[in-house]
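Take a look at the structures listed below.
Consider the two complexes below, in which chain A is the common component and chain B and chain C are the respective partners.
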Partner chain A sequence: MVKRKVRLSEILLNSSVFLSTTLSALALGLIFFYVIREGTTLLNWELFTGNYHSRNYIAEFQDEQLQNYDMPDLSKVENVYPVDRFGIVLQEDIDLAGNGVVRVYYVHPDSPFNKMISKEVGTEEVDLDVGMIFQRISYVNHPTSLSRGGAQKFATELSDPQREVYELFFSDLGGGIKGSIITTIYLIFMTLIIAVPFGVLTAIYFNEFAPSNWITKTMRSFIETLTGVPSIIYGLLGITVFVPLTVRFTPAVNSNLIAGALTLSVIILPTIIRTTEESLRVVPDDHRAASLALGANKTQTTFKVVLPQASPGIITATFLGIGRVIGESAALIFVLGAAIKDTVNIYEPSTSLAVHIWSMMTDEPANIALSSTIAILILAIVLVINLSVKIGVKLLTRKGM
Partner chain B sequence: MEKVIETQELSLNYGDFNALSNVNLPIYRNKVTALIGPSGCGKSTFLRCLNRMNDLIDNVKVDGIIRFNGEPVQGVGVDVIELRKKVGMVFQKPNPFPMSIFDNVAYGPRQQGIKDKATLKGIVEKALKQAALYNEVKDRMTESATRLSGGQQQRLCIARALAMEPEVLLMDEPTSALDPMATQRIEELIEELKKDYTIVIVTHSMQQAARISDNTAFFLLGEIIEFGQTSEIFANPRDKRTEDYITGRFG
Partner chain C sequence: MKKIVLLFSMILMLTLAACSAPVEEPGFEAEKINVYTRDTSSGTRDGFMRGIGFADASADDSVLVAGFITADNNAIMSAMATDKSGVGYVSLSSVNNTIKALKFEGVEANEANVLNDTYKLKRPFVFMRRVDGDYVNDTEYQLTLAFIAYVASNDGADVIANAGATATAGTGTWASQVANFPVCASDNSAVTLKFGGSDSVQKIAEALSAAFSPACGNVKTENDHTGSSDGFKRVQGGEKDGVNYKHIGYSSRFFRDAELSGPETTRTQMAWDAIVAIVHKDNPVTDLTGEQLTKIYKGEYTLWGDVITD
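The block that comes next holds the complex of A and B.
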């Protein structure tokens, strides 16, 4: 009787172990699969280096003797619509963020589109370059036409000999995430510069210098608790303390990158303290004793003997911190804002990659493709970080450090 | 014979626990003094009093007098760092720092502010030669010390202590983690070092104490039962308990 019971429970245990493993692996696999399937269409170097906000141009069309332009061979290209009359080819395409646009596929050097007069700067000529986006065409005696109609509609209209173009509104390709990448890099560096020294020194204090009494014990468990606090609460701290503080002492006028970095520092500080402390704790007391017995003082012992041995732990802590910075969104929406920028200024709002995803998903309609592409980028960064931690720690330990 | 260290009515308590009581012991210059006794009798505790390593332990209370070259060792006004420079220590388990061989030996002098490369090199080489390790490591000074064998590591730790040019070397069971060959090398080394240094060694091996020491102190339950010349103690122990211990009939 007893024996059979044990067996049954063992079978149950084994099968639930197996089941849980399979389910977890499946869930994780599905996330990767989904993100990669959705995100790869937009994966493109230009996305990472391109501006989000496109530069717009309004230009006046000049009366021009039309001629016959020799056009490129289009037989192998899809979704292109030539306009022989003006020597251009339009293409139905998507921008970096995946929105449908009318792009310039070809423009003849002598095309009247290359001899337009910019409305902003006065009489200066503006060129239409390949890759630019047609936004709006105004005709003489005909209603203005918008890009929503697509490349084919534009091409048909332009090919109509009755129509005289009066004005063109066009722009660069937009939707790039360059600014958000730069912001993220700024955030990482600024956060680490603040949090790592503070965290490491605090850990040193707790582990090497603090007397073990109830005060330090309480502080320790307090820090332990802080690692589990939801980041949105740190966001509150950021908006009530760091944003006003930075507004008071820097040129910033509202949410800004410095406040973001300060908030993130507070978020990663407990992790850095704890991880560093753990690595300090495993440094053998023998080494401390040996150093002190050689007439070294406490400070020398701590910084020359103990701390170097904790460096793998500190590196791990640093990279855990980077991961946290890259992944944080909720708190940053408060303190850094959600304004997507192409040029980053530490005194101004901007977005990190994670918040960029948030912005894309709160757009109407949600831009899942671009979000997934950014997600791929984030996953890749996290992967690279994890690998470099492993390699770095291994190298350090092999050196005997 | 000149006393380098002397304790008078030395007692030590760990909290409520009395680990040493009324210990009177002279340590003579250029002699090897062996401390023997069953486990837990306070040998290490006594040794740590001599360079104030007990300061690292909480709740330690020391009473009585310890003198090093006639100067008191206990007391708030004493420069502990100066004391530890003069009274070096070698631990039971070899504990080289995870640094290069050179950096290990140079560690102590460097912390005293010596930066000059040539000076450091001279100190390191001298210490390694004194510790009979130089020939084995002279071509691998930049290698990590943790790659040395246990016996080599222990000699490195001795060299590291010698680099401070101490007067006294305290050794707490320095060979208990080593094989017989490595042990023999350390014993030969101690014989050699005696010329320039005063050595206090804790050991559990009666043979070792008999082989290398000039004087022996037998500890039991925190007290010194017998102290005298090693030959005397091993040949004619005055106390029955000493006899029982050295003949192996005891704990």
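The block that comes next holds the complex of A and C.
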């Protein structure tokens, strides 16, 4: 009777082990599945290299001669709508962020769209290129054609001989995430340049130099606590300390990339200190003793014998830090802002990839497709980082042995 | 013995038949109402709850019936596409043919009805500028005034309509007004106008910025949207001289009493956003009143039958 009871609990334990594993694997797998299913539609190279903000143009016709142009054969292309009276073809398409747009598919060389007068300050002439987007066209005494109505309606209204074109509003293709990628790269490098030296040197102090007393112990447990502090608290620190500091000493006038990097440095510092210290601790004391016995002093021993052996741990710490930088969003909304930029300046606000997702999701309606695409990019970067940590550590340990 | 068993089973069968005969298949009336709502930070929720006359629920979940609270418009849309007995609400610009949009108090939600004020379930898109004399230089002040005039013009109204909201009527073309703003005739590409506030107007605000730039000397624009309450805070409130100051702050609700410290002339309403109650396509209900919606969200109506027989 007693034996049977033990067996039952063992079966329960074992089955709960398997069940939990299956559930965890399923949950993680589902996230991947969801993100990849939603995000692949927008996944293309142009999204990563394209501008978010499209350059807008305002123009009017030089002379509106009405003639019919020979148009290309459109029978094989879907969703295109020719406007014979101006010699252009419009296409129903989506921009890089997945929003519906009216795109220029073809412009006849003699079309009035190829010689328009710009209504902007400082520019004289402007012409419409294939691939550009129509925002709207206003007419004399007729309601404006809006791109929201779709390419077909737009083309029909433009074809109407009753309508005299007044002004044309068009733009480049927008919605790319180039600026956010660049910001993220800047953030990674600036954060590491600040945090890694400080973190490693602090770890060396704690493991090699610090006396073993209650002050050291308290400081160590403080640092351990800091690894678990929610990042939004560091964001508060950033906006009250780092942003005013950078405004005071750099050309920056408001939240900026340097303040962002400083804040992130503080966020990843505890992780770097902890991980480095772990790897310093496993360096055998024999090596220290041997080095000291050979006549090297404490400093030489630390930096020439102990530190090189701890380098795999430092690399791991660095890459863990990179992962944290890529994933951080809450603190950055405070110190870096949520303004999406195309040209990134370290003295100005901009947006990292994670905050870009936040911006896309708080929009109404939320852009889930683009968010998932950015998520795929982030997952890919984290995967590459993890693999390179493994390979790097393997190479280093082989060399060290 | 066998006879007794046979008798019993016959009696059992008869009673079963008798019982099942009058009970019909449970129809739609017996379906429980599944309530979906946005979280309290949402401007859409604030607009909806105020619109149906249940303002207490705009920032308080505890007065609501137990339901699904979601931080995402799309989640409500996809829930209504699958949940046959659900009810939720979204912005008019989100409505598509995967769900069924309900009339409110008998009025259909469309642009014309929003503008002529017969469709009442709507929220305003407003913005405020910095007060006079609180600008770094006169160029920024003039550009801010020009932007406000641009938003009010026909061109601004077109941009707003194109971005999915219902613009208030335009004041004529921008081309006919630009002469009033000599600042727009010079090259402003070295100046940056900063916009912030509500994140639900982000798309409209970005479209306005992009359209305004070439219309006024290619002025640079920066849209940093972090929520309606920052619309006042970073323009006229406590953070107006802070590092995240803005020239224009948007809000997807009317400014609250505490936010009305500046002069009336600094605040403008640019558009309406109609909010639509939505249900599954197979739901026979076509029209709900504010009172019915309030009762549904309070939990006084729990079955669709309560709504239909009402």
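Note that in this section the second predicted complex is superposed on the first by the 392 of 401 C-alpha atoms of A that agree within 3 Å, B and C clash if a C-alpha of one lies under 4 Å from a C-alpha of the other, contacts with A are read in each partner's own complex, and residues count from 1 in each chain.
Methods note: contacts are C-beta pairs under 8 Å (C-beta built on N, C-alpha and C of every residue); 3 or more make two chains touch, one makes a residue touch a chain.
Predicted, not measured: the structure shown is a model, and the values here were computed from it.
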item	value
Which superposed partner A:Ile368 touches (first chain B, second chain C, both, neither)	second
Partner touching more residues of chain A, whether chain B or chain C	C
Partner chain(s) touched by A:Lys115 [first = chain B, second = chain C, both, neither]	neither
First (chain B), second (chain C), both or neither touched by A:Gln300	first
Contacts of A:Lys153 with chain B and chain C, given as first, second, both or neither	neither
Touched partner set for A:Ile58, first chain B, second chain C, both or neither	second
Touched partner set for A:Ile333, first chain B, second chain C, both or neither	second
Partner chain(s) touched by A:Gln309 [first = chain B, second = chain C, both, neither]	first
Chain B versus chain C as contact partner of A:Ala290, first or second or both or neither	first
Overlap of the chain B and chain C footprints on chain A, listed as residue numbers	none
In the complex with chain A, residue positions of chain B that touch it	51, 53, 56, 58, 81-82, 84-85, 88-89, 91, 93, 95, 97-99, 107-108, 111-112, 144-147, 157, 160-161, 164
Complex interface listing, chain A residues touching chain B	212, 284, 286-297, 300, 304-305, 308-309, 399-401
Complex interface listing, chain A residues touching chain C	53-54, 56-58, 119-122, 135-136, 138, 144, 146-148, 166-167, 169, 171, 239, 243-244, 247, 253-255, 333, 337-341, 349, 359, 361-366, 368
Of chain C, residues touching chain A in the complex	44, 72-74, 77, 90-91, 93-94, 154-155, 158-159, 161-164, 173, 175, 184-188, 199-200, 202-203, 206, 210-211, 213-215, 217-218, 222-226, 242-245
